[in-house]
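I'd like to ask you about the structure that follows.
Going by the order they are written in, the chains are A, B, C and D; count residues from 1 in each one.
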Amino acid sequence: MSLDLAFSSEQLAVGEAVAGFCRERVGGAPPAGDCPADWWQGLAELGVLELASPEAEGGALEATAAFEELGAVAFPGPVVEALIGGQVLRREERAAVARGALRVSVGTHDLAPFVPGCEVQLEVSGQSLFRAPLAAGFESLSSLDAEPVARGVRTREERLERSRAGLDLGRLLLAAYLVGAARRVVALAADHARTRTQFGRPIGDFQAVAHPLADVYIGVASAETLTHAAACEWDERRDEGEGPSPGLAAAAWLAAREAALEACHVAHQVMGAQGMTLEGPLYPLSRRIRQRASHAIGTATARESMVARLDARVGESLG
Amino acid sequence: MEFDWSPQDEAHREELRRFLDETLPEDWETISRDGPGSDAQAGFSREFCARMAERGWLTQHWPAAYGGSDAPPWRHAIVGEELWAIGEPRGPQYMNVNWIGPAIMEFGTEEQKAQHLPRISRGEVIWCQGFSEPEAGSDLVALRTRARREGDAYVVDGSKIWTSYAQHADFCILLVRTDPEAGRHKGISVLLVPMRTEGITVREIPSVVGERYFHEVFFDAVRVPVSCRLGPENEGWNVVTHALQYERVGAARYARAALTLDRLAERARERGWLEDPHVAERLGHARTLVEAARVLTYRVIDQRAHGKPPSTDTQLARVAGTDADLAVGELALELFGQEGLAYGSFADANFRLAMTAGVAVGATEVQLNLIAARHLELPRE
Amino acid sequence: MDFELDGEQQAILDSVDVLLSLRAGPERAIALAAKGELDHDLARALREAGFLSLATEVGPLEAALLVERAARAAAVLDVGARALVAPALLREVPDVPVALVHADGRGPVRHAAFAGVLLVADGAVARLVRVEPGSLAPVRSGYGDPLGFVPEALRRSGEALGAGSGERLLRWWRLALALELSGASTAALATTVAYLKQRRQFGRAIGSFQAVQHRLARCAIRTEASRWLALEAAHHGAPGERVAVAAAHAADTAAQVFRETHQLSGAIGFTREHDLHVFSMRLQSLRLELGGSTAHARAITAERWAEGAP
Amino acid sequence: MRFRFSEPEERFRREVRSFLADHRDLDGYFRQGQRWPAVKGLFQEMGARGWLSLAWPEEDGGAAGSPALEYLLWDEVAYARAARNPLSAGIVARTLIRHGTAEQKRRYLPPIRSGDLHFALGYSEPEAGSDLASLRCRAERHGEEYVVDGHKCWQSYAQDMDCLWLLCRTGEPGGRSEGLSLLIVDLDAPGVGRRDLPILDGEQLNEIRLDAVRVPVSRRVGPEGGAWKIMGEALADERHIQFPPGRVHRDVEELHAWCRNRRLDADAGVRRELSALAVVALQVEMMALRVLDAMQRGHDATALAAANKVLHTEACQRIARTALEWEGPAALLEDARPALLWRQSMWETVGGGTSEIMRGIVAKRALGLSGRA
């Protein structure tokens, strides 16, 4: 069998189920703040919260199909973190995560998003994940007027096994989420450019509007395929029984991040003041993109792994 | 050609800084966190502008006849730099001082001058500008808000959008169509409308930038005396283009960007980030954009100081200012990562303010069109 | 503060422009490039008119104006080094071509093959090396200025010019670069704008497409700013941060102007029969000198924000 | 979903790779003009293996291979920097197969297949570069001959080619895409004048003047006035091999190796840009695979191919610029690899439909924006 870049019908079905759920619950734009409890429960019932875990039927491709849809509606809450938990937590904890009964936060050494709604608090540092709860008495902040964040002192309790697999999946799913969100951003901006008239014609008639949009479309489309390739790679390695290595997931994360941020930049430019209101469809997306792009997983390790990848390829091609 | 400040200018800047040290309250950072339109900052502006006026600084660049002291444009530019850099304690009043007042001087009747100029000059009045409409943003001439003549009043129907400061404003400088049959630039008039007139309602559009930043203003059979019209009927377009020439570089965005960048670099140094050459490069490049915006703005002020008519240098300066502002805002967010997203944090506050830079007052695209047509003399279609 | 030329400056520039319009320009640059020659005639004419000693006799700003104008006129000459940099370091301005050399540099050096004087930046000091003009090996180059190799031994020899001279050389060198970059960018843009006004595609002038207009407008903003930043730095005596800002801005501008002018001119821009390459190829070499935009940008940060910065 | 090629396809890739071991860095990719006899030799060897006619129908002497095989072949050749896919075996042959007369097929296909006969592309004119519909070169019918007058330019390597694949106007002057026809013109025919245009990448472009050149009507390919449609089809056939990502991977890897040799890769700024370029190279590959996937499914790949060209060529420019910046003035020496990469990459966002045209296609087809003004 040669190359085949389409989702399988099972994967499409996962995506469609999630899309339907989002249409029904989220509607136009998600509210600010954390994920409402019934939405979270809904995700659990759909099986989204256990995708790619050792117990799950679906792997990274199914999860990718689902997360692109979540991104498209800027779905709130620590969804990526739940699936990271599905890789690194103990079996009974994983089951609780899958049921929606246990929520996971993944943060930096002093910042933890979604606390206190999250019972398990993980800290990411390079290629390692630590169980590291915040001490009581943390400071509550809000991130871009929307997501709750806590700042405080952590105590590292243990380094988690399968940290790399968890972080790799995290990068991949962040990429999928960002790709889904960015596709929607480009669609919104293009729609605006087709319908909004200025100086007597649709603004999309102007190259100065159309060309930057074409550029971000290209960036998002290539990041999307790279994300799919990374998901394939993740699944193949899982099936082969190897531990996932930092490969395409890091690339997908870097590419999707870049493409999504650029898409927001252009869309804000195209949509003008309409993109700055909390009522319009653009800002809830661009805010969430900005948050996910600033995820604690960070970019430094991913960048280093790209250089390492080159090292390996150059070694090969010169040898 | 020489690029030194005169000793008098230097002295004025020093004096102004001392004044700010004494005048700004300790919680100024908090007051200014949500931008000039916020309740706190607009409220404070009435107090602050009165004190600026006492010193004779609020409208020192105005002619003596209207309560100014004919100060050279460079002097007023220094005020702009110093105040914008710290977040504009004049609040919404920078608009009156920079261009609404001068427009009234240029086109107003004696009665209008007597009514408005002293109040602006004393720092006790807030204005908003009723230009954009849902279907007329950067393309202002597409506006539809209608003013019908009925006896010695106009009856205004329509709505304006993206109006900053509308909630606080005492007056609105309003663009209306008085002749719907006339071509795009013709048939537009300017009205000076008291906001407390019956039939005006204001709705805030919650915005990402800060509180009270955007509003919709609805006009429902609002009666405005003909005596409130600024300039001749149906020739409002001239009034506006003339007025906006003053406005274009009124906001010294680069000064704010420069200070933000300095603070950003200081934080980066404290954390040892300057050791990372990538960070050092990014900061350096951002500094070039800020400096470019400054020097291009100076060029515009210089032309005014020489009594020359406004040129496309104004557009060059504006785009450069926008770019600098955005670049610094983006850089702050990038360097601070997740930490920068916390509401009111250093990076967050700066980024939100910078975001509107390219959109406010004639989107960047319009400026670029003008540069292409007039500066490069490129052909139209 | 005054951005307008005063009477004397205007008079100087007027005669500089007349001289350059007679003796320089793209056509001459193309002819000189074919021979790999430096413009000795232009040097003589500038010297006889007293323009090469503007820095000492009038001031650095006036010398800076000359350097920028010469670059706009595609002068194939060490005018930046001779009229602006050398006077900042030497009591007597040499009567021979001057090449600026970095002791640690590996690459070819502009004008070295014709130089009689090398000014070498070597850490804390600058050194003066006298060479026989024509003694250094020329390097074939398609980048506007003739290049030459300066052997390692020469880079390390010569007479030290005293404490602080190394840093002084770098500052004025950066300034000269900024001015030359700014002049060449302005000319490259003007050449392209003129071409796109008359060149037609899809039934209309290419210059009438909005996307094209916006890209050119952005270049115009940058070239204007580059010029003023460099002139301002010259007026202030080339302070470290200002020259780094001017050079970084000018180098970034050059990169953008290069990309856009070539992209928008299409195939004609790549031929040697069109003037664009006279300016654009030189931009390419100038913007790489002294470590290029990254090095200038890092210098800004070091000058302005590093621990113990002024 | 599957991002791997089949085992037979991978086997073919290995075969190509081992064949290319002898031709690696032939440099025909960048400098065909200076390497022509050797590049022609390479094509002849490939011809002998049947690789120039890999996807042609069997009845025309081809192997009816899949697009994937062709993709793998030219991707490997590009990675080896050996050559670019020749015009003759590509759009010329495909067009002849579709529209050529029996005589034309008999005459031209065998020597094309064997790598012996090569074509220069005669599309662009001084006043019609990316806007081909406005071209002026005119072919006047006189009995069984056309008499051709016109001026073509920007022909790559015409000095070494045998024939010109000429687009000219047979209909009303001033019409746009209607009234254009394709003719095969011998480059040594009387009235054909060629002049070299010196260009910045050190390679040659040519201009060709046609002065009352007589071309038999039997050399017209396809119906009179029908060239526009034919050209579109030929272009569509080739989308998957136009911009092989191997070239970009090779550039990035070489840049990285070069940084390591010079110990530049300890610098954080350099590492950051290298990592970004590694990501971009993968994005380029993904876009190329999307084009191939669409071709395999028989979908219209116009917008994807336009996107691919923009992404690919802009990536090449970014890599080359980076190399120049890190190397400094030494990179400007005539034979320095960075200078070569850079000069070559400059041309690519202009030649073969500018990036602006490509963005216009993407905007229109993928986003529904006209982008005309």
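By definition in this document, contacts are C-beta pairs under 8 Å (C-beta built on N, C-alpha and C of every residue); 3 or more make two chains touch, one makes a residue touch a chain.
Every value quoted in this text rests on a predicted model; they were computed, and no experiment measured them.
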Chains touching both chain A and chain C: B, D
C-D compared against B-C, more contacting pairs: B-C
Maximum centroid distance from chain C, chain identifier (CA atoms): A
Distance from the mean Cα position of chain D to that of chain C, given in whole angstrom: 38
Distance between chain centroids, defined by C-alpha means - chain A, chain D (Å): 38
Inter-chain centre distance, chain B versus chain D - centres from mean C-alpha coordinates, in Å: 52
Residues of chain B whose C-beta touches two or more other chains: 277, 281, 365, 368, 381
Touching two or more other chains - residues of chain A: 206-211
Shared interface positions of chain D, touching two or more other chains: 269, 272, 356, 371, 373
Touch-based graph of the chains, sorted into line, ring, star, complete or other: complete
Contact footprint of chain B on chain D as seen in their complex: 267-269, 272, 373
Residues of chain B defined as touching chain C within the complex: 1-6, 9, 74, 262, 265-266, 268-269, 274, 277, 280-285, 287-289, 291-293, 295-296, 298-299, 302-303, 305-306, 313, 316, 319-320, 365, 368-369, 371-373, 375-381
Chain A to chain C touching residues, read off their complex: 206-208, 210-211
Complex contacts: residues of chain A adjacent to chain D: 1-8, 11, 61, 186, 190, 193-194, 201-202, 204-207, 209-211, 213-215, 217-219, 221-223, 225-226, 228-229, 231-233, 248, 251, 254-255, 258, 302-304, 306-307, 309-311, 313-314, 317-318
Contacting residues of chain B [partner chain D, same complex]: 276-278, 281, 381
